[in-house]
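Across the two complexes that follow, chain A remains constant while its partner is chain B and subsequently chain C.
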Partner chain A sequence: MASRYDRAITVFSPDGHLFQVEYAQEAVKKGSTAVGIRGANIVVLGVEKKSVAKLQDERTVRKICALDDHVCMAFAALTIFIGLAADARVVINRARVECQSHKLTVEDPVTVEYITRFIATLKQKYTQSNGRRPFGISALIVGFDDDGIPRLYQTDPSGTYHAWKANAIGRSAKTVREFLEKNYTEDAIASDNEAIKLAIKALLEVVQSGGKNIELAVIRRHQALEMFSAKEVELHITEIEKEKEKAEKKKSKKSV
Partner chain B sequence: MVTGTPTPRETAPNNTTLLTLVSSGCPGLEVPLTVTHHQEVMALLDVCGAPRRQRPEWALPVAGSGSRSDPGHYSFSLRSPEINPYLLGTMSGCAADCQYWERLLAKECRLYHLRNGERISVSAASKLLSNMMCQYRGMGLSMGSMICGWDKKGPGLYYVDENGTRLSGNMFSTGSGNSYAYGIMDSGYQPNLSPEEAYDLGRRAIVHATHRDSYSGGVVNMYHMKEDGWVKVESTDVSDLLHQYREANQ
Partner chain C sequence: MAATFFGEVVKAPCRAGSEDEEEEDEGRRETSEDREVRQQLARKREVRLLRRQTKTSLEVSLLEKYPCSKFIIAIGNNAVAFLSSFVMNSGVWEEVGCAKLWNEWCRTTDTIHLSSTEAFCVFYHLKSNPSVFLCQCSCYVAEDQQYQWLEKVFGSCPRKNMQITILTCRHVTDYKTSESTGSLPSPFLKALKTQNFKDPVCCPLLEQPNIVHDLPAAVLSYCQVWKIPAILYLCYTDVMKLDLITVEAFKPILSTRSLKGLVKNIPQSTEILKKLMTTNEIQSNIYT
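Our next item is the complex of A and B:
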């Protein structure tokens, strides 16, 4: 039955599905896992880095992109796109142009919500025109607005967007989200370091441990975007592992 | 508090002079705006006592210059500068241009508010108007405007004209009698004027400008821009004021 209604994107199925959009969402589920966390004073984005072929130049594989940064370095929008990398490139470019356009016409940098709405509207347009397929990407968009409030938004191929405290997209997103639901507490995000560790821990649920496999970026309030090198990620991972050991020792002591 | 449509305009008999004067100098973060506005003469004096972010206290007398004294332009007097309850946009120059573009600006400001859930900033509103002017640059528009308002960053005043010029400042004057108004404003201005003093300065500037400029005359409409919106302070006849000043001198 489905096959009759998934040819043209603009056609609904009898039970109200837009199959092309749903297939696009499936494409997203095949992408690498990404997690976003909104801390009290920091926003963190972490992505699973799939292993790079021997001959491939590692530096060219970047999933986290800056959309804009504020004149005073007080605000930046980071985004991760999971899904079809080529689609992501197109959307990122449009978003970057829109950030500058907005600055030009309105003399103010975009708010995170505005640019998310723009990206979502763009995606929705592609679900309602013939001859085009939807973008096969979900995005996590983070940043600080002028008023200093941290924000995290998620968009999906259908063009909807929501604000989140913490979220995951891509492969095994469900597992990661469950982990976050259990472990996202006010304490966990109170300090910058804790928020970063929470992001890494969440990713470690589904990703092999190691600095090579995790790409991390943060924005702190009133500062520019900071991409972590593999070494810095390793440092945090070792810290996490030490804490785990301590916790286990305590447990074993108690049980004894 | 924000309404969708601008408040009903005041009607005035033909050849009424409206003076726009914006001034504020009080520590209570107020920006009195006196609007004296006539066909060609419009003075907008804006004296802000409120520190705008890190800037020291600033005063802005703004006087409007009219349609560059072109007698061909329609002499009109229905000029209410209200865009919305927290934005004022005075206009001098071609009547049709002023009315049309300001109304268009009001529409855009409202749409911005609806789409973004917050009021448009004075900077953005003036930029929108300036962009509209740039689009039609060279096609004979005539408009000199001052956009005044209060937003997240405090009080704001911008001068926009038909060339697309957009200037931020403390004091402007537009209209054919602007030079006369500038003289009074510049000599009378001090930082930290009280609202009363600012009103008086504005009144004087407009009265003297209308006295000397043949294209002006009529009524002084004074608006005071406060943090929660503008209030109309008064609407006084210029000739009455002139007599007052004369008698005071004697």
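Our next item is the complex of A and C:
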């Protein structure tokens, strides 16, 4: 059914599908898993970090990128793009230029929603132009606005964007999202530490090998961006495992 | 022209050949060179069933040589990983033979000197119950080779008192449905069985217009024709490479009669499965 209407981006199928856009969404599923959580006073971005080839310089493989920062305060917007790496680089550059351009023109830094809308509009343009293909990337954009409210947005290759309390993109995102739906409670995000642990727990649903394969970044209100080292992630994982053991012991006691 | 399930009219490709074929044949003459090339190609694409230890070909088909009551076939890397961790780990399995073949999908070009680790379809039987067979098939068996594979494994007149279980995976975008693929709960399991299979099924049956492809389809068709009870468990997933969540989607099968008595230690199996997963998988530079 799809084969006659999927060769050109600008052609709808009889039942209203834009197959190239849907195929671009499949490209996103080939990337690593990323998770974003909006806490009460913190935003967390976590991503699965697969090992690089032996001779490749690991420093050049950074997934979590800053889009903008305030003159004297925290990073206003942090993002992660999942999907085609080259597309991600191009879009991040355009977004960064837009952040600076906005600051020069309006003398205010962008809000998280503004830059998300800019990225989404850019992506949408490429679903409506002839001779171009859509960007094969989804993004999670987090940050704090001037009003101090934490924000998390997600965009996809079709150019839609929505605000989320917690979301996941990339490989097995559905599994992670289901985990988040079950475990995202007011208690779970009450403290910063709990929000961070929730992000790590969500990633551990699909990432097998532990701390060295998870990249984590947080922004707390009125504080600078913090990128976690592998050791710090491992510390949190050990805490999570201890809690699991305690919970299992309690269960077995109850059943006895 | 034909109407598809969802109402769109498409020209269906005809596997019987086009109507113009007869006229074309009269014009073409086959030279001896053509014949030789054809024979060489047929030899190269031959499916060989070998005894592993002696590396000699089996004279008769596998299931004619050994009596079989239960045959579990895993096709594809996720299905193979599932059987390796949950079934092969719970008993002592002895290798009885392997099928070696070459087609355009194979990465190696030399079929004669394949190393012992490169056998593509390996057959095992349970030491404590030698009529229980298992096949781990991680290669692609092309259409022209499927009949040969069936002949070499099942033979031309198979026994009817055996039960076949096939496990395989397919990408979720192949699943035809009026919903969008984004809303499907992948990975999910669907089953397709032959008329003679009477046991309860642990998951929904595969709905129309979906069809089964490749070797699983060949085996099921063969079983349907020969009235052998057979069931195919098809896992639709969006991660075709080796993936923990996809392999775990096969778990409901552990409770069925097909695998009853063959699985003992599930937590340990899960641990083995995690180790199997390539934790050192290199990051692709195209996808971030």
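Here is the rule we go by: the second predicted complex is superposed on the first by the 252 of 256 C-alpha atoms of A that agree within 3 Å, B and C clash if a C-alpha of one lies under 4 Å from a C-alpha of the other, contacts with A are read in each partner's own complex, and residues count from 1 in each chain.
The working rule: contacts are C-beta pairs under 8 Å (C-beta built on N, C-alpha and C of every residue); 3 or more make two chains touch, one makes a residue touch a chain.
Quick caveat: nothing in here was measured; it's all calculated off a predicted structure.
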In the superposed arrangement, does A:S172 touch chain B (first), chain C (second), both or neither?
second
Count the residues of chain A touched by chain B and by chain C, then name the partner with the higher count.
C
Output check: A:V52 vs chain B and chain C. Expected answer is one of first, second, both, neither. What do you get?
second
Return first, second, both or neither, reflecting whether A:E107 touches chain B, chain C, both chains, or no partner chain.
first
Should A:K250 be classified as contacting the first partner (chain B), the second (chain C), both, or neither?
neither
Name the residues of chain A shared by its contacts with chain B and its contacts with chain C.
none
Any idea which chain B residues touch chain A in the complex?
116, 121, 123-124, 127-128, 131
Please name which positions on chain C make contact with chain A in the complex.
4, 6, 8, 10, 173, 176, 180-182, 185-186, 238-239, 243-245, 274, 277, 279-288
Residue positions on chain A within touch of chain B in the complex are 105-108, 111, 114
Where on chain A is chain C touching in the complex?
1, 4, 14-15, 17, 22, 25-27, 29-32, 49-53, 61, 63, 81-86, 88, 171-172, 174-175, 206, 208-209, 213
